[in-house]
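Think of it as A, B, C and D in the order they're written, each chain with its own count starting at 1.
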Amino acid sequence: MAGYTLVAREHKQEDTIIRLGEVVIGGSAKVYMAGPCAVESREQLLTTAKLVRQGGAQMLRGGAFKPRTSPYDFQGLAEKGLEYMAEAREATGLKIVTEVMDISAVPVVAQYADILQIGARNMQNFALLKTVGRLDKPVLLKRGLSATLEEWLQAAEYILYEGNQQVIFCERGIRTFTTHTRNTLDMSVVPVIKQVSHLPVIIDPSHGTGRRDLVESMALAGLAAGADGILVEVHPNPEEALCDGPQSLNPKEYFSLMQKLRAMEDFLFRLARPRAVGE
Amino acid sequence: MAGYTLVAREHKQEDTIIRLGEVVIGGSAKVYMAGPCAVESREQLLTTAKLVRQGGAQMLRGGAFKPRTSPYDFQGLAEKGLEYMAEAREATGLKIVTEVMDISAVPVVAQYADILQIGARNMQNFALLKTVGRLDKPVLLKRGLSATLEEWLQAAEYILYEGNQQVIFCERGIRTFTTHTRNTLDMSVVPVIKQVSHLPVIIDPSHGTGRRDLVESMALAGLAAGADGILVEVHPNPEEALCDGPQSLNPKEYFSLMQKLRAMEDFLFRLARPRAVGE
Amino acid sequence: MAGYTLVAREHKQEDTIIRLGEVVIGGSAKVYMAGPCAVESREQLLTTAKLVRQGGAQMLRGGAFKPRTSPYDFQGLAEKGLEYMAEAREATGLKIVTEVMDISAVPVVAQYADILQIGARNMQNFALLKTVGRLDKPVLLKRGLSATLEEWLQAAEYILYEGNQQVIFCERGIRTFTTHTRNTLDMSVVPVIKQVSHLPVIIDPSHGTGRRDLVESMALAGLAAGADGILVEVHPNPEEALCDGPQSLNPKEYFSLMQKLRAMEDFLFRLARPRAVGE
Amino acid sequence: MAGYTLVAREHKQEDTIIRLGEVVIGGSAKVYMAGPCAVESREQLLTTAKLVRQGGAQMLRGGAFKPRTSPYDFQGLAEKGLEYMAEAREATGLKIVTEVMDISAVPVVAQYADILQIGARNMQNFALLKTVGRLDKPVLLKRGLSATLEEWLQAAEYILYEGNQQVIFCERGIRTFTTHTRNTLDMSVVPVIKQVSHLPVIIDPSHGTGRRDLVESMALAGLAAGADGILVEVHPNPEEALCDGPQSLNPKEYFSLMQKLRAMEDFLFRLARPRAVGE
């Protein structure tokens, strides 16, 4: 009935913890991933990477292959973008996460990325799921715009079934009738996934709202809901971003956010140890 | 275009603060409202009210007139239920909030309640909005299951337009395609309402999820998102509740929740004063 | 479990047929109801009524009490509007259907109307359902914007439970993520209602799409899906309508529509009698 | 703004008509495609193909590569399934339409299929869209479960932009809050697509409802709404189908459907020529 087994908590009691050198995902500490929607140029990316590092995130996000609704929109720098990502990793020590859009690009993306991202529109691209399921690299699996929790878990099952046990769920908002946000961030999936699965789950408040001014409150709420980390878009100059400018933080907003998220993380850590609260 | 004026921040810069004796809604402290879905008996209500008081909430919620999907479901104790609510107020000092379902019941409900609740199904019952708009009592206006933010603000405008400036918004989940929760709690409306309106906004994680096991994480997330308070269902024995048992907290869960919410409130208070963080 | 009994086909095998003089709803012939969104003036209504009569519809629709999202929108002519409706009935022989928005207006609306309409926003206004349930007049029950089929059937059950067995369902579109239409007309409820209930069901393609240019195709589709009739908005001059102008047909469009609907009705009548097809 | 050009009616005034030998899609006659959800065996497919032919449809549908929510569900016969499809074409003269799920399978599917289907979950698999855009074969582009009309048109634009001008839109239901059907068939896109685009559009009432008992009424409604054809699932023994049994017609239902659809087609043809109506 459920259609999934390997992702279930029944199958594996203890939390899955994913390690990338010093970066730990799914443990007691939170993971922060930040960066631009798209890699636009070497300079833009290196500048952003340094900001991201300075703010305290452990991972750099950035798209080299961009899924765009219209063929007339900027489609990404492709492998050149991956090279810049790798260079930014060298320069900053940040691990990198980037999207892979189709099976033909898996080898090249896997060559550069520390984590491969499967985007919302590809959540049920089963050939792609199977292909990344044969890799030995973690996969960030975004929720589809209209995916039920069951469908999302089953999409992850495709990856684990092929052998790759390192999947990170990422809630990025679902499509509803509302219009005040680009998508509706479904915060409730966080505690539900922690119940039914052993895999980590993070929140993307940038896509989840589409509005820069809502990122901070939703990111704080995401941690409070139990998320293992936060993925946000930041750009040195959001007004000039080639994609998703309206939802990208500027550097000042990003630094402020990171300071608050670390304070929230610290608070939640103590809250989970009752004696420590209010000390 | 917007269709509302009086509820807008442009119309009134400072936050509206609603005072009921010592209870303050919309100020720097949070408000907690707890109680059963329905008033079932004098004993059930008084027992619950004492628990609610003990846990630290300032207000008792409880339905005397119940909007039920089927005519064959329990419809509430009507005025007898209101009498029990008033008795519970006497016994505990808690203020009381209860739903009014139609204009004919406004006088009797207004006679007993400290705050009148307009339920989700009545958010666009314009005759009811106008009638409570002529009262001198605060109104808790729940969001309709498929109401856009604009429609919700305009519903509040009906109340303010009639003279009553004391409206509290309550997000209780919207209807989407998801099935893992009863409704989808739209956390993003909290910061948006704080931006565009001067009126307070609270979160109802009980209806917002329909699942007792998700109430705590969503309530914490709600405060982190900036809500002015939390409304939760608690029952001495949820398994025997005449309505909404699956989403009602038992006393132990309620006490644990309140302890964590107060810790979160304290943390958020310090977070808003940067120097104090991490002291 | 189902929460309804009296509306069920199990309870009453044969179709419920509602008769208003010569107008028959739920029988082998279709019913057509047309008129303006709102009664705006005596002249506007009488002009429209004559057009409606000329086009061949049997009933005149028109709102005297208007549920409007914003308090600043035109709220209707109230009882004066009802008087004009009655006068139009006298002048044309059309039966009249008009909305009642709250229990206090039931007596006056019932005094004038042949059929009382419960609007989408009031589908779960249980006090109103109970009140019209005690009348001896048919009720047109529109589907709520986010009502499931079960909830809609249960809303009708409230009316039948009080004694009034004359309910007509009206599908008028549900709220979804789509933006090319105002609502999404859920055509599939038509055959489902015919299966599970003995009550008639009609389609409102005007609200169901919000676009004049889609009314004809959706009305034809509605009959093909098995609806017992069609409710459409028509206005002598849609550009000047005080509400819903963009979805109101002009007279020429209305006449064309009626001609096609009658042809479709005739075709479907023969289709249901296999021997006659293609004769 | 719109994000599409080549698919627009502004770009090409006259309707695009797709010809596959004697089969014409988008002209004055309707196209009917029928067959099983999945090719299960040689015998099952040949039996079904003969039924499909006998009933009067011009094309055989059948999945060799199946997108399944769970990795534990039947995944299709792959190339062996395509061979059976080709054999069925030989045996019956029916043209064949079958799904291609990823770019690596495009060559083999294109070798067998007359029309390549892009499934709902792949509507924004841009690599796949680009790849089929370089073929000289028609593409049936199903609407994504939560795709807006704009997104769907832009997905088609990807195909036309690469050179392939032969795209057929297929509405197969969207995801909404309703539960009485598997999806909600959005009938209104049919007339809207005919307005804004020159490409043909068909309806899939099987996926659009998920219920065999609703297929006939929705198919008739689809033609009445202006669709250029109908795609339905039929199986010699739906109870034993390896996928989508509940929505597959049995042979008797299929024959009855086809008879009614042809009568409807004939009626609509005459309706569009006013003088002929009622003759």
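The criterion applied here is as follows: contacts are C-beta pairs under 8 Å (C-beta built on N, C-alpha and C of every residue); 3 or more make two chains touch, one makes a residue touch a chain.
What you see is a predicted model, and the numbers here were worked out from it, not measured in a lab.
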{"item": "Those chains which touch chain C and also touch chain A", "value": "B, D"}
{"item": "Of all other chains, the one whose Cα centre sits farthest from chain C", "value": "A"}
{"item": "Rounded Å distance, chain B centre to chain D centre (Cα mean)", "value": "48"}
{"item": "Inter-chain centre distance, chain C versus chain D - centres from mean C-alpha coordinates, in Å", "value": "33"}
{"item": "Between chain A and chain D, centroid-to-centroid distance (C-alpha), Å", "value": "35"}
{"item": "Multi-chain contact sites of chain C, meaning residues that touch two or more partners", "value": "146, 150, 175-177"}
{"item": "Complex contact set, residues of chain C against chain D", "value": "146, 148-150, 174, 176-181, 184-192, 195, 208-209, 213-214, 217-218, 220-226, 259-260, 263-264, 266-267, 271, 277-278"}
{"item": "In the complex with chain A, residue positions of chain D that touch it", "value": "3-5, 67-73, 101-105, 121-122, 124-128, 144-146, 150-151, 154, 157-158, 161, 175"}
{"item": "Touch list for chain A against partner chain C, complex", "value": "175-177"}
